[in-house]
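Structures follow.
Two complexes come next, and they have one chain in common, chain A, joined by chain B in the first and chain C in the second.
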Partner chain A sequence: MSTQVAVILSVLLFPGGLFALTLGLALKGVDRRVAARLQGRVGPPLTQPFIDLVKLAFKRTMVPTTACEPVFLGAPLVGVVSMLAAAALVPISGLYTPEPILGNLLVVLYLLVIPGIVLMVAGSSSSSPYGAIGFSREMVLMLAYEGPIVLVAAAVALRVGMAEGHVATFSLVEIVAYQRTHSIFLLDPVMWPALGAFCLFFPANLGIVPFDIPEAETEVLEGPVLEYSGPALGLFKVMSALKAVVVLGLGIALFAPLGLSGAPALLGWLAEIAVLMVLGVTAVRLSAGRMRIDQAFSFFFKWPLLLSAASVAAIALV
Partner chain B sequence: MTILQKFKDIAVRSPWIYRINAGSCNGCDVEMATTALIPRYDVERLGCQYCGSPRHADIVLISGPLTRHVVDAARRVFDEIPDPKVTVAVGVCPISGGIFRESYAVLAPIDDYFPIDVNVPGCPPRPQAIIEGIAQAIQVWRQRL
Partner chain C sequence: MTNLPVTSESFTIPVGPLHVALEEPMYFRVAVDGETVTDVDINAGHVHRGIEYLATKRTLAQNMILTERICSLCSNSHPETFALAAETIAEMEVPERATYLRVVAGEVKRVASNLFNVAILAHLVGYEALFMHVMQVRELAQDLKEAVFGNRMDLGAICIGGTRYDLDEDTITALTVALDRLEPEIREIEKTYRTNGSIQRRTRGVGVLSIDDAIACGVVGPVARASGLLQDVRADAPYHAYDRLPLDVLTLPDGDVWSRAMIRLHEALDAIVILRACLRDLPDGPINLGSDPYVPPGRAVARSEAPRGELLYYLKTCDAEEPERLKWRVPSFPNWDALTVMLSRAKVADIAIIVNSIDPCISCTER
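Right, the complex of A and B next:
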């Protein structure tokens, strides 16, 4: 019984649910503010993403007459639920250990695919031609970045597993525990190529500028979410806020969990996430132009795949 | 003040902007897109954001004298914007037709076709005037919300 209560609390309150949503929206606010400052503007208030959500709650949701209504309105709900579950799966070093019943690294990888699929389903069910273009681009991009992230996960799992005497460990709790007793993978030269591959993966997964090809505002007018308005659009904002927390939290759990505990652990984790957001998202999206879909596809089959494969090979051979 | 009213006061700080070019010469559009709204005078500090899709919009900026050719398309796009919405006519063309006023191709006073809430005259209007127009539109929007 206590396990079920703990699981429900971790999905709805901390570190999933309310906590992840607040953090994700705050990160988005920091991102927009820092971006404005870097461009010499004043920028919106830090609470702007919260304000946007409240506004969207007051607007009307319009469903196109040619759209498939249950799928059109159901898709964002599925995305939000998947991200709530994923947020409860990622451990915070020294603060939160997910219940073993929730799953391991492989489950996180599966859950991370769902928002992409939700965007594809949303785009194609909206019956808008721009949604269809967004659908095909999202699918191509997803095919490109899923390979490297699986190899990154394999590299981490092999590294921990071989050090502990079995083949591979996909338990995120054990991965974090190993890095707490030994050194973090950020300082481990064998893991550097995998880390590089991960740093290239998450902009694509979060859909920010060099890889925001499916939603490209200036080309396909936000593609899959073009036809959404009001609360349904708000659900997409919630989904992407949660996703940012999950992906950045996963990166921290895989490569740089801090050896602290209690309140300092929370502060350290928040600081790591904020740094990753500003350096990995804001700086990247301001300094790059958007790639074409074919460029992004061949890019992912070149560098991230090569880097993550190099890490796996190095771990297997050493 | 009720809780609902408080939430409305919060919501009013997030007006998303959409532009409809109803046959404009592009002068007003340049003022809106490159001078007034984004890089230099930064309306993002008011919470504004340009959106690519009419379905995301709250405040519509219409520029141009409404040519005969574009009227049906402009009305269709306008109907796609979910309520509550506010309409701002930018430039002198929507008011009188401006330099195009006696043309056979122009349906100039745009109020006959769209419910205009705020007029921002000028050819093109100064960036500060456009921003003030948006600020007034936000006041109108607060009452409609």
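Right, the complex of A and C next:
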């Protein structure tokens, strides 16, 4: 199979595209169901996110007369495409190795910034004042969590790179391979602070409580996506479903790739993702209230930054 | 929204008239600079219902039904205060048993109403699990109302000259059991609001109303007591059986959103103490003065402590069966004005939390 075909298949079919979307929506369904059960409710059927998406696909997209239409409609498309590419970039230990041409950890980090930017562009192009507030909140939140995540990536890259004799390795394939031969970083005390920082990063990146500040329903009425409806809103849902898979998959690749191969590797990976979703998303969003943007900003400049910097320093010194 | 250009960090955002965080129609035109509120313009009058006019077209007995439908959350306080005004005009002596039964109806409503408000607070800070939990505890109070009065919201408990319901031994036992279940749950909720980091972070020092501002705005009820103003109609001018019951009026000094929530939770707990005392001391005797007692021409003002604060009724009767004038001032009306003070220099994120902290009842206010 030529490289081009492999790349296209990985972006559109597996592990990106259809597979990632189905998985992302299923995870959302699990999250909603588990959350409901923990709150003493019945909750929606597991297929609810799929049903919602189909419903939105058949609705009409309304564009506000004051909105900049090409930007308004283009923004979610850019977001979905960026996440499709990112999903194809994250390796699944023992099952999927991305083509080197697609890029490395740094490219994933760049691609993960795009949904945030897309929300900012969407919010400001809608000409709604709530969108504008969402825009500024998204920007502040992004500034706050991008620093720590870059340091987390640096910690992992340094750990692998220095062990293998060069300075840093940003290749996700090598990072996974290193952990398969040595031990996973989940069990490596030097990496624990970085893991802690990553655990704080991903609720912010996925926009869940306590960091769902830009889209806070009771404050800014969903903020950037307030004016969206129909298929355009559906694209945002697709984007966030893909993003959940990318971020959770990245977390597994960075800290806990399993040493399996073949079908058990897929099952193991799915189990890891599901556990991470329930513990890292559902449990987190149920156990706290939303922070204010100034509180979130100072929070990220305190704990995650400190933790990730601690890991980097420890690796550099040891 | 087309006339609200987004040109810089300063712009105007509409909060309401239909806003997801405010269940009722009220409209604030909020000027913001970044995330900070610089100016607030409060608009009322979106759903004028004309009930005061309607009341002059109904007989006094019919008005008992009508006033109960002014508001759902304080649905007992309205007919209660209306009956107090009519009884003042007629110089009626309400039977002793009825005065206790009226307290029971009022305090049960207070528990449910206060729990509802603190639940919404949790919802507004995005703490959905806590919101669901408090609503489930409130459901115990709702079940209790349904079991005793046959209704979850409108109790239909009051009539001029007494009450329309009575408590037998079985109901009293059921009530006691329900209160025993409710009390530890509310204590738990009170502890959560007192200690939980998420709640503290979003409510302490937010929407502060100093005692001077509280006096200047003439606020009433939990809003006043949270700002350190010791006032409660039940203590200041006892009606029904309140002078014989263990009423504990709490005030807090800070005047922030958190204090108001804590006052409400304390009052829900205190209501249970009062309810227990009522059930224990319930005297024997008739529960009302017969159907449709005569009310002569006259004028009277009556007030009571609704869950949101002082509720005031003015009633003027004439020779006809219908009142010549019926007017009420609901607690949300004076409290509403204080929002201008609370919202000045607030953060956009806190607008809904602050508005909710006065427990605004728009269906009362927009009568």
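One rule holds in what follows: the second predicted complex is superposed on the first by the 317 of 318 C-alpha atoms of A that agree within 3 Å, B and C clash if a C-alpha of one lies under 4 Å from a C-alpha of the other, contacts with A are read in each partner's own complex, and residues count from 1 in each chain.
In the analysis below, a contact is a pair of C-beta atoms (placed from the backbone, for glycine too) under 8 Å apart; a residue touches a chain by one contact, two chains touch by 3 or more.
As the structure is a prediction and not an experimental result, all values here were calculated from the model.
Once chain A of one complex is fitted onto chain A of the other, the partner contacts of A:31 are absent, as it touches neither chain B nor chain C. Of the two partner chains, neither chain B nor chain C is touched by A:146. Of the two partner chains, chain C is the only one touched by A:66; chain B is not. Residue contacts after overlaying the shared chain place A:218 against chain B and chain C alike. Within the superposed three-chain model, A:42 lies in touch with chain B and out of touch with chain C [touch as defined at top]. In the overlay built on the shared chain, the residue A:287 is in contact with chain C alone; chain B does not reach it. In the superposition on chain A, A:229 contacts chain B only, with no contact to chain C. In the superposed model, A:138 lies in contact with neither chain B nor chain C.
Counting contacts as defined above, chain A residues 39, 41, 217-218, 221 meet chain B in one complex and chain C in the other. By the touch rule above, chain A contacts chain B in their complex via residues 32, 36, 39, 41-45, 48, 50-52, 54-55, 57-62, 217-218, 221-222, 225-230, 233.
Across the complex, chain A is touched by residues 1-2, 4, 6, 9, 11-14, 19-21, 32, 34-35, 122-130, 132-133, 136, 196-199, 201-202, 347-352 of chain C. Interface residues of chain A facing chain C in the complex, by the touch rule stated above, are 35, 38-41, 64-66, 124, 127-130, 132-133, 136-137, 209-210, 212-213, 216-221, 285-295. Listing the residues of chain B that touch chain A in their complex gives 7-8, 10-16, 39, 42, 44-45, 47, 49, 51-53, 55-56, 58, 80, 82-84, 145.
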